[in-house]
Amino acid sequence: MSEKYAYLGPRGTFTEAALLEMPQSIGAELIPAGSVHQALEAVRLGSVTGALVPIENSVEGSVPTTLDELSHGQALEIVAEVAIPVSFGLLVRPGTQMSDIKRVATHPHAHAQCLEWLHANLPEVHVLPAMSTAAAAAELDDDAPYQAAICSTAAAAHYNLEILADNIGDNEAAWTRFILVRTPGHAIPSTGSDKTTVSLFMHEDHPGALMEILTEFAVRGINLTRIESRPTKKQLGDYFFSVDFEGHIDEERVGEAMKGLHRICADVKFLGSYPRHDGKFSPVKSAVKDSAFVEADEWLSGIRKRR
Amino acid sequence: MSEKYAYLGPRGTFTEAALLEMPQSIGAELIPAGSVHQALEAVRLGSVTGALVPIENSVEGSVPTTLDELSHGQALEIVAEVAIPVSFGLLVRPGTQMSDIKRVATHPHAHAQCLEWLHANLPEVHVLPAMSTAAAAAELDDDAPYQAAICSTAAAAHYNLEILADNIGDNEAAWTRFILVRTPGHAIPSTGSDKTTVSLFMHEDHPGALMEILTEFAVRGINLTRIESRPTKKQLGDYFFSVDFEGHIDEERVGEAMKGLHRICADVKFLGSYPRHDGKFSPVKSAVKDSAFVEADEWLSGIRKRR
Amino acid sequence: MSEKYAYLGPRGTFTEAALLEMPQSIGAELIPAGSVHQALEAVRLGSVTGALVPIENSVEGSVPTTLDELSHGQALEIVAEVAIPVSFGLLVRPGTQMSDIKRVATHPHAHAQCLEWLHANLPEVHVLPAMSTAAAAAELDDDAPYQAAICSTAAAAHYNLEILADNIGDNEAAWTRFILVRTPGHAIPSTGSDKTTVSLFMHEDHPGALMEILTEFAVRGINLTRIESRPTKKQLGDYFFSVDFEGHIDEERVGEAMKGLHRICADVKFLGSYPRHDGKFSPVKSAVKDSAFVEADEWLSGIRKRR
Amino acid sequence: MSEKYAYLGPRGTFTEAALLEMPQSIGAELIPAGSVHQALEAVRLGSVTGALVPIENSVEGSVPTTLDELSHGQALEIVAEVAIPVSFGLLVRPGTQMSDIKRVATHPHAHAQCLEWLHANLPEVHVLPAMSTAAAAAELDDDAPYQAAICSTAAAAHYNLEILADNIGDNEAAWTRFILVRTPGHAIPSTGSDKTTVSLFMHEDHPGALMEILTEFAVRGINLTRIESRPTKKQLGDYFFSVDFEGHIDEERVGEAMKGLHRICADVKFLGSYPRHDGKFSPVKSAVKDSAFVEADEWLSGIRKRR
């Protein structure tokens, strides 16, 4: 029986496009989910092998829903990541002309990324919010209260639409990064070019907490690649930090840093160690290589034993 | 002639409710703006005295649009902040019953905060996205494709709606914080309970940058109250930090820290020093009080002069 | 057969007085050594159980010879420390009057501590250097080229001398601290009020090395009680650090810090964990208690196993 | 009238040899002083232009007396430094043979540096302490209770002695560094290769004090070249730090660091900024160059003025 992967749908989303670029999708059944929450719950319930959801894009920043859904609830693990360029098109039903367009539907984030083009080309248009860019395309039928959708051009084939304009995003270098999430137990060993993602919950009213966290990483020679404070939803000013860093949970320096964070934080959620999508590789200093940790262990044991 | 203040509209938004709590609104003309961008542009163009926009809420975190609009473009300054509890109601046209409701419209953020109530009370309902909670109320007329709006109960009076249910948010302690923005030249002096907001743009590929930034604050005894990494919109992994900290630009320790940041960052945007909405006051250590800086200046001058 | 302890002699030194205050001296044979080097070599050769030598005094600072002798050569361990007040007397052969004294002998360190008294009471006196204060007393016979010795008043009984003046030190609060040294294998377990002494050898030309060292301690909540840079005798500007800190090698936070130092230093010499002479006790923060380390180990093992 | 310089005497010391290498000695009257204290007091009293005293040697470390004399009492400033190789010889009265030598006199520090040679060549010899190596030579007359002196070979000419053996030190690379001290007001401007020396007195019972000090330097990109804890002579465990660092008091980064230290320390003694003896030059990072400080000042002024 084939494997099943959920993704943030509906069909034609950038998430689907990203999933199609991953080796895991080959021969697998790909199932659109109505929300990040639903995609992750499908993994938790075991109805799918894994789920691909967006985590960060180059224009809007992190995707709060994904960070929050991962940090709360039953533990899941990120096992892979992928990033794809985000290119928007203006999609219409066959035959529609620019001059016919009075209303356009899209997701607010996509709207924010196409403001300049809209201002120059459809200055009078009214923009309707949609739950996703693909949803705007999916619902563009005769009864729709709008005449065009801003979304991935890949959605055109799914919904029998035409691409009236391509590359209408204000920022040609826009990218979105996605993560593949599974239940614990399916991660792969260190490849030498890995990233780890954690959520760090602070004790209350601790002004130096962030400095302490960074020191735990720095003292083990670990580079951070992303950090965000996020509210814990309890009260204004009560935060947790979502952090990506270089290295793999099976490496000694990462293990010791994780233990240090566990000791100083109210809670640490481990969200996974997985190969970097870009294959980048920051050399590990000799003082924090696994071999240095092993040697230090032996040295300390020797001292303690001779006592 | 009376002063004019823009706010993120339409009428009936939480932003309007927050503005009405500020002394600046007394006797002033309050003008709803269609977006944060439009509200801030009105300030830049001089058509209004100032603008109130949301900056952070306890559930969704910071408001990316506001952070980005402030960090780019002609300089503006935050001159005040206010925070109000966020309480959602289900608003309908007079006579509508719960059983009549098939579709509900609201802003996606509000939707995210009322999931439990909706699941328990309207499990079958279909939720439509709106550009704001107040917009969902404003457009709830006979032709609307939905029968109810989730928004501030204050919107009921504006749009002749009825409150069918109140306090339907999942988190009773939810708050949103707003900032009042003006052109430079209108800030008030230090009150002893102030906050300062800056945007710090990093030089590329600098793994220890955040540690260096925090050290600039720590060495002058300055506490951070919020920090967020935000993409610069150029490429994935290229960040700036949005930071709130305790203290006022006119204080010596803040001035020296700002200069230190200016030296190590690619760019520092000063977004304002303003009184804290909660009047909280963290005692300043004697080593970083203004008097200590003045004394150190005199001491160093003495040493340099005697040479 | 009784135990034997060497001490920095000759008889009548402050070191002997300190040794007599230690429980280890009860019933043991106490053997004066001609130098710190000889005392420690006697331990290395097994001809004595242990040796007591001075490590630090409140006026002159650390005793370089002791630090160096411990850091180089076959490993020894500090198993106890003791501190005694240092009080100097002017000792003479019976019958000698103040007016008879033209020349006084003492160790240069003792000379430095009695300058004011000498200036006020023997302004014309010529001071001769001796290898130790006790040696000045021991050699004060008819043939000696001096008429008085500055040394511990305890030396009077040993050498049949009279105390012509007592408490002649300029600083009444002067103390000297001594360490009891044995071969490895004789230390006692953690008492909850312990100190550890190490020598840390740096890699060359590493300007941030001291900061890194301090961070290794700070991140495990360890307080330093003494730090000194000492030349390695190789070239000017080539240092090692002699460090005392709170805690015991058997404690988790100390073990992890030691391993961290081992990874970043060219060499780490462990010189012993031993009870503090003053019984002082700095509370250990809960995040760095042994229980916190054990819990973090189990937590990490759980995460790694479930993968 | 010629200038006068005091040096740590008597004639024939390494200090005199070092002074003769300095341009300041040309045409000046050189006056031996009986102690570091006397040399510095002569400067304070104005009876000499300046004084040269030893500060550090590669075998024994810093010279405590010099550090202490500079840190206490009327302010003096270091205006130059010089370092020379230290090479010991065995000096005797003409005609003395090795077999005649029963007793040798020298300073204890010199003794410590010639142990191996003595062991190999004069294994039976008894070593007498002298107040200085040159004093041992100066007092080597017919009545002396010893037959040889270990000291600089330069002393032979002064005291009509013969060099029986040269280069008898165990460490051929031994160096001593000396400082030229004057009253304030005679220092030279920054040369681009300067060092600054300070004494930093701590507030009591402050475990993180050293870390704070190092951070004040690090945040302004300043490298330390020497650090020592020294007792304040008040009670055991009460320290000050003697620190050398790269840079000149007239440079902005040094000025700001000095002010930061002044704010956090109980006291800061500035002992001088002077050209490095070795002319070494660590490149200053662009973020802490004077120009960066000036630019940051202007930037902050602009922000404060527009308010």
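Each chain gets a letter, A, B, C and D, in the order it is written, and its residues are counted from 1.
The rule is simple: a contact is a pair of C-beta atoms (placed from the backbone, for glycine too) under 8 Å apart; a residue touches a chain by one contact, two chains touch by 3 or more.
The structure displayed is predicted, hence computed values, not measured ones.
The minimal number of chain-to-chain contact steps leading from chain A to chain D is 2.
Superposing chain C on chain D by their CA atoms means rotating through 180 degrees, a value rounded to the nearest 5.
For the self-contact between chain A and chain C, the two sides draw on mostly identical residue numbers; the shared fraction is above half. If you average the Cα atoms of chain A and of chain B, the two centres end up 25 Å apart. Computed centre separation for the pair chain B/chain C is 60 angstrom, with centres defined by C-alpha atoms.
Chain centres here are Cα averages; for chain A and chain C they lie 58 Å apart. Each of the following residues of chain C touches two or more other chains: 215, 218. Annotation, chain-chain contacts: A-B, A-C, B-D, C-D (touch as defined at the top).
Taken in their complex, chain A has these residues touching chain C: 77, 184-187, 215-216, 218-219, 249-250, 255-256, 258-260, 262-264, 270, 287-288, 292-293, 295-297, 299-300, 303-304, 306-307. By the touch rule above, chain C contacts chain D in their complex via residues 56-61, 64-65, 83, 108, 112, 129-131, 145, 171, 173, 175, 177, 207-208, 210-211, 214-215, 218, 223-231, 233-239, 282.
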